[in-house]
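Two complexes, one shared chain (subunit A), two partners (subunit B, subunit C).
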Partner chain A sequence: MNITFPSLIALLLFPGGLFLLGSGLFFEYLDRKLVARFQNRIGPRWFQPLADFIKLLAKEEVIPAGTIKSLFILLPIFALAAALTAALSVPLFGFKPVFSYNGDLIVTLYLLSMMTLCIGLAGANTEDRFSIVGATRALTQLFSYEAPFLLAMLGPAIALGTWNISLINQGATQQSLWFIVSQPIGFLAALIGLMGKLELPPFDAPEAETEIVAGALTEYSGRGFGLFKIGRDIELVVGLTLIASFYLGGFSTPLDFLWKVFVLLLITAALQSLFARLRIDQTVGLWWRIGAILVLCQLVLIIVGNTLSPFIAPLLGG
Partner chain B sequence: MEAKQKSEKFIVPIGPQHPALKEPGHFEFTVDGEIVTNATARLGFVHRGMEKGVEDRNWTQGLYLMERVCGICSHVHAMAYALGVEKLANIQAPPRAQAIRELVAELERIHSHLLWLGVAAHEGGFDTLFMFSWRDRETVMDLLETITGNRVNYSANVLGGVKIDINDAQKDALRRGMDFLEERTKHYLKVVTEDETFLGRTRKIGVMTFEEATLLGAIGPTGRASGVQRDVRVDSPYAGYPDFPVNIVTSDAGDLEARFVVRIKELYESYRLVREIVDHLPGGDLTVKVPRRIPEGEVISRVEAPRGELFYFMKSNGTDKPERIKVRTPSLCNWGSVLTTAIGHKLADMPMILAGIDPCFSCNDRLVMINGKKTETQVWDWEDLRQYGIEYYK
Partner chain C sequence: MENLAQTVMDKLKTWARVNSPWAIHFNSGSCNGCDIEILATLTPRYDVERFGIKLQGSPRHADVLICTGPVTLQARDRLLRIYEQMPEPKFVVAVGSCGISGGVFQGCYNVVGDISEVIPVNVYIPGCPPRPEAIIHGIVELLKSLQK
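This part shows the complex of A and B:
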């Protein structure tokens, strides 16, 4: 939909800012509810994530001894800010992104990684053993999924010859064949990579509660924890939007956006309830032994296909 | 800070309050990166002085106290106690009572094993299996409630028999429940032996060989998963087990997967036993009279709890109160196996290896007072110990 909002409204109210926060909470609710239903539980009520968030904001924030105080306070804010900034170049809810420029894909992907970096740093900042083990795991996991995830997101970009998210979205709409069909490996790597990014089961080793309590965020309480949590919710929205616009044929209307993103959410919820938690070495092994190689092969194929496309008509949708 | 950490060992403490353990126990895992290089355990957070407490009660009251040693396997404690008292008094509960004792014991085993399946799956991060097995466990909990009136402390035993009878409606409910659970258990066995991610967490993890298991004295399903052919129900049948014998389930693999498989196959055995008892329940009385004063003597009463051999030593001095009751619970015997198998594994495997023995903490704790001067004797009664406990935990 080609409506342009005044930038202040777009930043603070809609589609960014407040509305984005709200939809982040709503996505968290949907995710929790779906997983709960898959696990034969009842699950939370619709306002539960909001109630949790308000409660966390109202709680006293305990700053443990032995930490760098300013870093401890700033990291959650930084993480949330990065997630919110990442949303600016993404066609949220099917509207034109607020800021669109050539190469915003790379900037957005790095802003999305900011969250994990902040969590890792937050864990390393405290002296708590659970936090340190959690931080190590979070960063190890980052190194395992980041490259395949990036390559998976680059697939459609290279096929369409532009690194502008908005243009990729438009290009994907005009494709006769969705990229999920022509680049199935990329789609899987992107979706599973997003789950790793958000530390959702089965990739929740960095915050495995039965081993290391809450991982890197063990020492966080109150506001800091709440901000990390909502930052992650926003990442879920942004990540799903990116994958849907790249691989599910893009979208130009809010309705289009909604059903595509909800289908993706349904798939991630199903994946979350299907598997046992992977150990961190299993995660790394999975990504580097299988994920990275497959995605690389596909990327090579896309590039070869692109070069040969003038000669062989639409191969791989290029 | 870095220099400090290099010189110090990096120890990850688990417990006494930790999301992985719902019961209080303290474990310290020394880790090198993710690899565990040393493990120690500290118990004793929930000592309740029950062995001493039972000395202040008469034989009948003792039954109700001992039933509360454990919340999961309450029936076997009461059964071991009742069987011991009956042996001391030289009487035998009627066959119908013995069969009902076995029936409740097997139902309890079903509930305990299903509970464990859920907990162990949760420790491995497989919450779906956790939720499903606990949902199905409600079936057997409801059956226990139908039969005994209680979900946790069934209070089925009295000295000299049982206080509950099984009628035809209950028999039908039991048959239906067993059919449903058998169907579900088949599914769980399939999940446990075929699900790739789950096998990644259980296969070849926490391996304990037959030699290690015998050396460490592993008992119950933990030992049987390492090929230790030991089951009190088979070795020295008690209660109804001579009439309704059980087949021993063992495995030679000795890893976590084997512990899952052995326990799930034991569930099948329990379903078969429950059906058999329901179909061929002997007639007759439910109780015989037991004298108030139990003749002087000593006796050992052993039963197979869901976690392994439960051992009661009982001594009577001819009065209406026991002289000494010593309880050795199965979890205590298996701790050694946890601490040994833990070394060399990854930190991520610790919760599952811990849960692999089906630990139960509150029945483990004993108080040992060491008297430095050999000549002096020290007498502590119930009130002293109570006061000591209050002071200790203050």
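This part shows the complex of A and C:
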């Protein structure tokens, strides 16, 4: 939809800001409810993430001894701010992004990684051994999925010849064949990479509660933990929007957005309940031995296809 | 006006607390009977996520400390430490006869006594061991007392 909002409203109320926070909470609810239904449970009530968030904000915040205090307080704010900023150049809810410029794809992808970096720093900042193990795992996982995820998101960008998210979205709507059909490996890598980014099962080794309590965020209580949590919810919304606009034929109306993103959410919830947690070395092996190579092959094929298409098209009579 | 804002904020906080009790489970010397019942409470059959109850790994994230068994001399310091690691507001639920009185372990050479001798307890759930329904009922009683 080609409505442009005044930038202050777009930043604070809709589609960014408050509405984005609300939809982040709603997406978390949907995710938890779907996983619960897959496990034959009834699942949480619709206001559950909101109640969790308010409770965490109202709780005492313990700042443990041996941490750098300012870093401890600032990191959650920084993580949430990065997630909110990442939403600015993404076509949320099918509306035009607030800021759109050439190359915003790379900026958005790096803003999405800020969250993991902040979690890693937060874990390394405390003296707690569980936090440090969690931080190490989070950063190891970052290094394993980051490259394949980036390559997977570059596939449609290179095929359409632009690195501007809203132009890719428009281009994807005009394609006769959705990119999920022409670049299936890229779609899988992007979706599974997003699950790794959000530390959802089976990639939840960095916060495995049976081994390392709660991973990097073990020492965070109250407000800090709440901000990290809602930051992750917003990343879920932004990430799903990106993948849907790139691989599921883009969207130009809110209705189009809703059904495509919900289909993706259904798939991620199913994957979460299907697979058991991978060890950290299995995660790294999966990405570098299989994921990265397959995505790289696909990228080479796309580039070769792009360069050859002007010569081949006349032969095919196109 | 300020009073009104205060009451609204208080109501909101209480509502959030009642609807999102995250629990941590600690065994201070129990025979494991109650622990198995607590685990049974957390299975999909009873599905306590309906009420927002979630088992947390870290005491820093938890609101409710679910305690089982008498307190042994060795477990006493650990129990105190876990209790002190939890951020305010925090609540303690003692599950099983041993948590109430020391049960069959009362008077043993290595037992301090029941849980209330070490930390303040909000709700006692009797039974040896209590059924999952009883444990859920106990938590609901705790949440009801919060609303007042």
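We take it that the second predicted complex is superposed on the first by the 312 of 318 C-alpha atoms of A that agree within 3 Å, B and C clash if a C-alpha of one lies under 4 Å from a C-alpha of the other, contacts with A are read in each partner's own complex, and residues count from 1 in each chain.
The criterion applied here is as follows: a residue touches a chain if its C-beta (ideal position, glycine included) is under 8 Å from a C-beta of that chain, and two chains touch if they have at least 3 such contacts.
Computed from a predicted model, the values in this text were never measured in an experiment.
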Message = Please determine, from the superposition on subunit A, whether subunit B and subunit C clash or fit.
response = clash
Query = If you stack the two complexes on chain A, which partner ends up touching A:V213: first (subunit B), second (subunit C), both, or neither?
reply = both
Request  = May I ask you to decide whether A:L278 touches subunit B, subunit C, both, or neither, giving the answer as first, second, both or neither?
outcome  = first
Ask   = Where does A:V133 make contact in the superposed view: on subunit B (first), on subunit C (second), on both, or on neither?
value = first
Inquiry  = Quick check on the superposed pair: does A:R45 touch subunit B, subunit C, both, or neither? Answer first, second, both or neither.
reply    = second
Task = Have a look at where A:P91 lands relative to subunit B and subunit C in the superposition and call it first, second, both or neither.
result = neither
Key: Partner chain in contact with A:P201 - subunit B first, subunit C second, else both or neither   = first
Task = Examine A:P156 and indicate which partner it touches, taking first as subunit B and second as subunit C; both and neither are also allowed.
result = neither
Inquiry  = Going by the contact definition given at the top, which residues of subunit A touch subunit B in one complex and subunit C in the other?
reply    = 39-41, 130, 209-210, 213
Ask   = Any idea which subunit A residues touch subunit B in the complex?
value = 38-41, 66, 127, 129-130, 133, 201-202, 204-205, 208-213, 273-282
Inquiry  = So in the complex, the part of subunit C that touches subunit A is made up of which residues?
reply    = 12-13, 15-17, 19-20, 22, 44, 47, 49-50, 52, 56-58, 60-61, 63, 85, 87-89
Query = Can you list the residues on subunit B that touch subunit A in the complex?
reply = 1, 10-13, 18-20, 31, 34, 121-129, 131-132, 135, 195, 197-198, 200-201, 346-351
Request  = Mind listing the subunit A positions that touch subunit C in their complex?
outcome  = 32, 36, 39-45, 47-48, 50-55, 58-62, 130, 209-210, 213-214, 217-222, 225
